[in-house]
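Next come two complexes built around chain A: one with chain B, the other with chain C.
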Partner chain A sequence: MQILHIESTKSTPEIHFDPISNRMQIKGQSYPENAFKFYEPLLHWLDEYLQQLEQEVLVELYFNMPYINTSSSKCMMMMLEKLDEAYQSGKKVMILWYYDEDNETAMECAEEFKEDLLVPFQITKVEDSSQ
Partner chain B sequence: MYDRGNMKIVIFACIMIIMSIVMTSGISYFITHEAIIDKLKSRDMIYIIGSISAKIDGRIERAKEVALILATDPSIIQWVAGAEKDERLGDYAKEKITGIAQNYDYSNAFIVSNVTKHYWAEGSRQIDVISETNPAHDWFFTALHSDKAVNLNIDSNAMRGDTFVFVNALIKEQGKPLAITGVGLTLKDITQEFESYKVGKDSNLWLVDRNGKIHLSANVGDIGMYLNDFIIPETAAQIIGDEGNISTSSPKVIEYINQRGESIDLVYQTTKSTDWKLVYQIPRSESIAILSTIKVNAAIACIVSLVLIVFIFYFISHKIANPFKRAILLTQEMEKQVLERTQELYEKNQKIMDSIDYGQRIQESILPSTDELSSVFKEYFIIWKPRDIVGGDFYWTRKIDENQGLFVLADCTGHGVPGAFMTMAVNSILNHIVDEVYDNPAIIIQKLNKRVRETLHRNQSNRMADDGLDIGICYIDQRNRLLFAGAKISLIVKRADQVYHIRGDRKSIGYLSSNDDLEFTNNEWRVEEGDVFYLTSDGYIDQNGGEKDYSFGRKRFSQMIANQGESSLAQQQQALESMLYEYMGNESQRDDITVIGFSI
Partner chain C sequence: MQGLYVIKTNIVSYLPVFEDLNEVKSSLRRQKGYYFLIPSKNGHIQGGLLFMEVNLLNLQKTLQNNGILISFAGRFSQEIIEELGDAVKKYLETESISQNEIYNVFSVFIEQTQNIKNYSALKTDCLVREKIANSGIVTIGRSDAGHFVSSGNIMESKDSYALVQKLDIINGLDRAGLKRLYKEQMKKEMVPGSTGAGLGLIDMARKASQPLKYSIDKLDEEFHFFTLKVNI
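Up next is the complex of A and B:
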């Protein structure tokens, strides 16, 4: 599987999915006009990746997203549900969510996501992170 | 602009080229000039004089050999020693000298005996008797007593108009000088050779004696005259006075300026065999005559290359300039097209904007009028800011009777035109539902969820285009009761300095992924005098700005509401709007913004 790397833009986050180190990272704001168009390839990549993922391998997902618009958060939810499924089927998955201490919206958003999920979901405050 | 610049470059280039060609030619000519003169002095002159000298010397050396052969011939020695008594020997000797004279290109051959004082010449003749008293015979006695094997005697014979060189060899017997024998040769034949050395009409070749008297010349008329007649005195004196040259016999090159101011190159050399000097001179102008040809040819080459270069340059610059010109024309053409396309785009954009503008009227037509709002509220303010002229937020009201009324704030998916479509659909559905039930916000939302899902997702199974809405519904009973239910939208109440949040249920409605059986909660609020109620879609909360470009945030919003204190609703609207703009700064609006504040 190839590394999935997408550079950030004004309205989309930076994506770095590395199947070799098993670390996934999404960093930046997300408010594209067409969220589905942006997130579809990510969801497909994840499907493939999770399928070939072996039981003992721990996959970590790092999120740092100051703002997510409604349509993006629907897609994010889909992504998180996929990870939740994988976790429930026995795979080792861990979600680490970081937010700047001044950005309460980001924290609220993370907590909302966490509510409906069983997968380990760690929300961590970062002090004065610079973009 | 292009042409003028081009011209300047062309002119400049031309000047550079002309200068370089002229300089090259000039320098080459100068170098050639110097080289020719150098060659002339160091080689040509020396070669000429050496060549002539060698010829003369050769001739004389041959004569010496012949004389020596005669002088060492035993028969001749015997005959002379025997006082010419032996007739047989005498015939031999006479035949010998005759033969030599005839066959070997000598003007005379002779035997002069000191014993008999007879002068025997070619042709077996005795032509003279030698006597010591005769000054004409001094040569004989000088040679006899010189004890030198060979002697030269040069004699200019004015009568014959010729110069003779007599090579005298000494005949000795047992150390005693007996006679002189030898040959004589005329230098006249050498004169012919002299003539062949004449390069130009003003060049001269002379054979001069120790006094500068000319004995041989390429011009026969010069014979008998002196060097001084032809050359300036200083130079003539220098040549004549050069005694050292007699022993070294090496060529010496000098130059002088004659009376007419012309530069003359001169070379002289003493012959090896005699002490007479060969003098060769040639005017500088004749030597470098060849240069004039070079000069002319160089000038022609110069002009030809200049002309050629001009043509080539012109040709090339055209080849370059033409594409260059064409490129410029192309750019102009392209710019024109860009302008046209921009104009087209502008017109298209105008059409679209006009269409959306018109759509705005339609969207606004579904919004409640001020009258309708006044009938449901006591006081109110509405901040209504769709992001792109039309939007996905809308508010709705229905007066049931004099006490009861409904107010709805809905935030449909998206913004702009798609959002606006949603608002039209939801508005219509809402109207129908409220015909059935009006006093139970939770039920209204529940029904809305079902019906919106039916309407929007009838033919779809594609999860990708999932649309729905968030909503907040207030059932208002003017007798001081308010019922609130919300899907993702909350109600904020300000009572004195306290701010209360009545959260809506945390599920959106209308989406394909929404559950059909979703249930919602009615929250009751006992209304007191002075209560102010606020409803906002997420546009205000999510607006980015401030130092770190984060969202405004719920906390900050609540804080702001709390800070309003007792201000009138109109003032509060002002405050909210200015807060928003201040926070936004240079950022653009992120989403549709709707904030409603009311009291009942």
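Up next is the complex of A and C:
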């Protein structure tokens, strides 16, 4: 599988999905014109990746999204559900969510995602998450 | 002719006198702008077109009197939404308010403008789609109760009932009820062809300090004008 890398724009986050190191990163705010069109390739990539993933490999997903609009939230939920499913089928998936200390809403948003999932989901406060 | 016909504005600055209604009609068709029609003493219709170039001072006063800090009227492209969104954030950062309030104002602004954009995009009839897309307006302002974001757009009258129903359900819910509805909607299958997730209004209500305020004005049989005000 190939690395999936997408540079950030004003309304879309930077994407870096690496199948070799088994680390996936999404960083930046998300309110694209059409969220489903933007996230569709990511969802396909994940489907393929999770299918070939061996049980003992640890997968880490880093999220740092200061702002997500509602249609992006829906896409994030679709993505997180795929990861949750993989976890429940015995794969070692872990979600690490970072938020800026003064961005309470980003924390609440992460906590609401976490509520509906079983996959390990760690929410961490950072002083300046843009670094 | 008796009575007041159309008053779209109370700002009078340019007032051509039309001799008959047909002339008024063709003039209004030729030129875009705010217009008003009043009956004159001799029974003729008097009409006025408000040209924005000569009226910016009055327009500015109207905006100031309503506490409006930032406004945009016209078609919302993604680029305009992004630029205005940046302007909103930068402006709010100069005020002594919390990051959360800035975030919430920005968030409601994005949901409102993308809602209008998504709504127009759903229309298959090209003329209807253009009419709706070009009718958008958004304002961000401040009142004693805090900041507010208001938007307006033309909608098809046949869509009014479902919208009012949805808004009334949302306004009838407390915090916990809104969260539940948000999560229910999140789990629903997408409406085919839709670019939205049906979450915008619920999300706005969750970020609002008061119930959503709205009005729907009839323009003609086919179209209504929807106004939504969200106090943060």
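Convention: the second predicted complex is superposed on the first by the 128 of 131 C-alpha atoms of A that agree within 3 Å, B and C clash if a C-alpha of one lies under 4 Å from a C-alpha of the other, contacts with A are read in each partner's own complex, and residues count from 1 in each chain.
The definition used in the following text is that a residue touches a chain if its C-beta (ideal position, glycine included) is under 8 Å from a C-beta of that chain, and two chains touch if they have at least 3 such contacts.
All values reported here derive from a predicted model rather than from experimental measurement.
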**Asked** When the two structures are overlaid on chain A, which partner does A:111 contact: first (chain B), second (chain C), both, or neither?
**Response** neither
**Request:** Kindly classify A:71 by the partners it touches after superposition: chain B alone (first), chain C alone (second), both, or neither?
**Result:** both
**First, second, both or neither for A:31, with chain B first and chain C second** = both
**Prompt:** Does the superposition put A:102 against chain B (first), chain C (second), both, or neither?
**Reply:** both
**Request:** Considering only the touch criterion stated at the top, classify A:40 as touching first (chain B), second (chain C), both, or neither.
**Result:** first
**Message:** Just checking: does A:10 make contact with chain B only, chain C only, both, or neither of them? Give me first, second, both or neither.
**Reply:** second
**Request:** Could you give the residue numbers on chain A that contact chain B in one complex and chain C in the other?
**Result:** 31, 36, 67, 69-71, 74, 100, 102-106, 112
**Fill in**
Contacts from chain A onto chain C in the complex sit at residues 10-11, 31-36, 67, 69-71, 73-74, 77, 100, 102-106, 112, 116
**Complete:** Listed in rising order, chain A residues that touch chain B in their complex are 29, 31, 36, 40, 66-67, 69-71, 74, 78, 100, 102-106, 108, 112, 115, 131
**Request:** Going by the contact rule at the top, pick out the chain B residues touching chain A in the complex.
**Result:** 413-414, 463-466, 506, 511, 513, 538, 541-542, 544, 548-551, 553-555, 590-591
**Request:** Note which residues of chain C are touching chain A in the complex, please.
**Result:** 78, 81-82, 85-86, 98-100, 103-104, 106-107, 110-111, 114, 117, 179, 183, 186, 190, 195-197, 199-200, 203
